[in-house]
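In what comes next, chain A is part of two complexes: it sits with chain B in the first one and with chain C in the second one.
Entry: the complex of A and B
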């Protein structure tokens, strides 16, 4: 079997296992699994923005909130179907992302980080506060969007909903993978390397950066909408600034340049606190643990844990195949 | 003969310093024009004005009969103006092959959707960009480094890759900013050969800035000389070599 075919089979086995194993779990555990899948979507949005174009964002949960509250308001407030509210919610997030991207065009590094923090705080402290715009935020009573059915099958069961979000995540990963390995990925990496050179070879740097912001915010908005329906209620606390910081921190620990860090960081986010309480440490220590890991990682493994591990495995397999390849050559030489 | 590039009274000011002071000259189609002058004479500023990275403060730049005023760099690039950089601006994290594919990408109208869904058109254009980039790498004699990351290459090869990236745009006008800087004499001789081959094969018009007089004198049809932002001489190489104003600008008053 060739290397590509082998990794394809391996991937299929992993996806099948991830789809089937939760069938044995409790409803509570499946709820956590769904959370992990949704957070993987959010990490994917960080990979697109930070990993592909090198733009920093601390407001991914604000984009998620736009998706979530749009879906909540349209479904609970206006009686829309989920299937109509979802694309509108995603579109609203994309639009917000592009709007944030416009001032971001002139900023990078620290100033861009500050801008996105401002956006996150604006969302937390103003937009979603009761009294500002209750038609959007729901005011004192949070929105309660109900889970939809898909082709007649209700997604109300925890396993059905888990499979639904997992399918969406797989599709999103496939799309991002295609973009990354195609022209889009190449162009975005070129823009990250040198905007000056990119412009002089004919790339509209502005348009590509805004597209990346839009795509990233759209993914986050999609995640937000799915989370709203998964919890069944939309409240500001689930989308605050600290969530965004933790998300970006974990994505960085795993390595923002690779898609594989999306599931890895998501598993860490959801099951890390569970693990801590499992060994009878309070889960409130989890953010501290992430912070500590982040410092160690930035010093020792700046490319990220997933990237390092993958490189190590690649080097090991190269080494092994080199050794295997050398033996006949040695035999040939002695002949 | 028609002028491909017509620079008419171009001025550029940085604060109180006049980097370009009413510079006028033309570059005729199919010719290689040299642009020389001491450091700080305004050569790179002029390049930046032509490719749209800088805005001119006065005068006009016409390209193929069209005023470039207000056009952003990527629009000018798509009109066929390509350049290389004195301070290398390779896409360092991209492989050499990818570096040459990006300009082909830039001219293809395919958007994210075709890419995201891997439509047949995306695959076809991917293949075409790959093919065109590889053909250029062969032409430039650097096919062996196709898979190497741009930033990992020695300076000489990086300059060659930048040249390839500019050519991948299929330019009508090629602006070369000190392509021989950091090259040894053998590499420079090599470069002169490559530039002649480019003109033969693609008919590209070139504007060449360099301090290496052997290169400039050898490949250029005529030469413009800048000093303190002003055009002080223009003509064929043999005349420029003996022009007393040029000699004075280069060697200082005492030598004249």
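Entry: the complex of A and C
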């Protein structure tokens, strides 16, 4: 079996296991699994923005809020179907993302990062506050969007909904993966590594940055909408600035340059708090764990946990094949 | 949002509050600019450092009842210690790494300090402010505007410290060294300046100023872990008006921000107006003050 086919089979086995194992779990646990999958989607949105074009954002949860509140308002306030409200919510998030990215036309990345804090605070302390625009934020009574049916099968059960969000995550990863490996990926990496050099070879740097902002915000908006329906209620507190900070930290711990950090982050968010409660520590300590890990890691392992582990495994396998007396380069070529 | 014209009569007293708030922003922003200029790092944890230090003062003065001035001193010590820890443990080892990495480290500190403070002091709920001076005051002659002694003290201390920092940079030996490091760290090293020591000093002084700003602002806002951590955006907005380099202009920007945040409240009762004003001022500043390539052209950012 060739290496590519083998890794494809391996991937299929992993996806099947991830899809099937929660069948054995409790409803509560499956709810947490769905949350983890949604967080993976958010981490993916950070990977697109920070990993691909090198832009730090403190307002990913604001994009998520745009998706969540649009879906909440359209479904609960106007009686729309989920399947109509979802694309509108994602489109609204994409539009917001492009609007936030427009200052990228003239600002350096760090100043834009400062602006994203202003955007985050504007969203969670003005836009979503009761009295500003109750038709959007729901005012004093939060929206209660209900879970939809897919092809006649209701997604109300915790396992059905888990499978639904997992399928969406897989599709999103595939899309981003194709962008990453194709021409777009090369362009985006060129923009990240040196904007000046990218512009010199004729790339429209700002347009690509805007596109990355749009895609990233769209993914975050999608995640927000899925989260709204998963919880069955939309409230501003779940989308504030600190959530965005925690998300950025989580994605950086895993390594923003690789798509693999999205599922890794999901696993971390499922097992991290459980690990803590295992040693009888409250799960409210989890952000402290992420932050602490990030500090230690940036100083010691700046490339991120996933990349480092992958490099270590590659080095180990080279070492092992060398010990077996085979030249690793030849062994690689013979596959 | 319903506008009321009677708001005009509120303007004089709102000017007093706006100036007080602006003074505190000036102090926080000056610390931010000092750190950025000397060590080249945009410190996103600035508000979190202020918050954590302020809660130390809260613990000492409000919970334990020790005089406020001792609480303030403890807060400054905490701020300076945190500034030193951030610089020594996490910024210095990252010398030569991309700006993104250094920014990420300050984000991590933000998260750690925020979560730790939430665990120790509770993330929501009412906290009694740290009152340095009694809140009685005097009436400005020929008007009916009342100025609290606490407001006057806050404004004078904050603006005094901010302008004092400008003086420190201009006239003291440490200040000259700081400016040398800010302009060209390598050349400064060649001239025998201990760049690491100067950089650590900037983090300690800058974070100490954040601590003072945090303690001073407690009577002026809903004092909890979140509201102080997001003080960083007010400091940033003021610093942006000063192009992240010019301290006197930063002070002017900060006072402008304080007024811009408060005046709309005289006419509208909507919550979140301060954030709206900050957002608008930040956007306008970025659009007007910054041209492509400016401000971060130092390359070390």
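Going forward, the second predicted complex is superposed on the first by the 316 of 335 C-alpha atoms of A that agree within 3 Å, B and C clash if a C-alpha of one lies under 4 Å from a C-alpha of the other, contacts with A are read in each partner's own complex, and residues count from 1 in each chain.
The definition used in the following text is that a residue touches a chain if its C-beta (ideal position, glycine included) is under 8 Å from a C-beta of that chain, and two chains touch if they have at least 3 such contacts.
All values derive from a computational prediction rather than experimental measurement.
In the superposition on chain A, contact of A:165 is made with neither chain B nor chain C.
Once chain A of one complex is fitted onto chain A of the other, the partner contacts of A:294 are limited to chain C, with no touch recorded for chain B.
In the overlay built on the shared chain, the residue A:187 is in contact with chain B alone; chain C does not reach it. In the superposition on chain A, A:75 contacts neither chain B nor chain C.
After overlaying the two complexes on the shared chain, residue contacts for A:117 are found with chain C alone; chain B is out of touch. Considering which of chain B and chain C touches more of chain A, the answer is C. Contacts of A:198 after superposition on the shared chain: chain B is touched, whereas chain C is not. Looking at the shared chain after the overlay, A:211 reaches chain B, while chain C stays out of its contact range. Once chain A of one complex is fitted onto chain A of the other, the partner contacts of A:48 are absent, as it touches neither chain B nor chain C. Once the two complexes are overlaid on the shared chain, A:175 sits against chain B while remaining clear of chain C. Listed in rising order, the residues of chain C touching chain A in the complex are 1, 42, 44, 89-90, 93-94, 97, 99-101, 103-105, 107-112, 114-116, 118-119, 226, 229-230, 232-233, 236-237, 240, 270-273, 275-276, 278-279, 282-283, 286-287, 290-293, 295-296, 301.
Of all the residues in chain A, the ones that touch chain B in their complex are 175, 178-179, 182-184, 186-187, 189-190, 192-194, 196-205, 211, 215.
Those residues of chain A that touch chain C in the shared complex are 50, 54, 56, 58, 103, 106-111, 113-115, 117-119, 121-122, 125-127, 129-132, 240-242, 245-246, 248-249, 252, 284-285, 287-288, 290-292, 294-295, 298-299, 302. For chain B in complex with chain A, the touching residues are 51-53, 72-74, 77-78, 82-83, 85, 89-94, 98-99, 101-103, 105-108, 110, 112, 115-118, 122, 125-126, 129, 165-166, 168-169.
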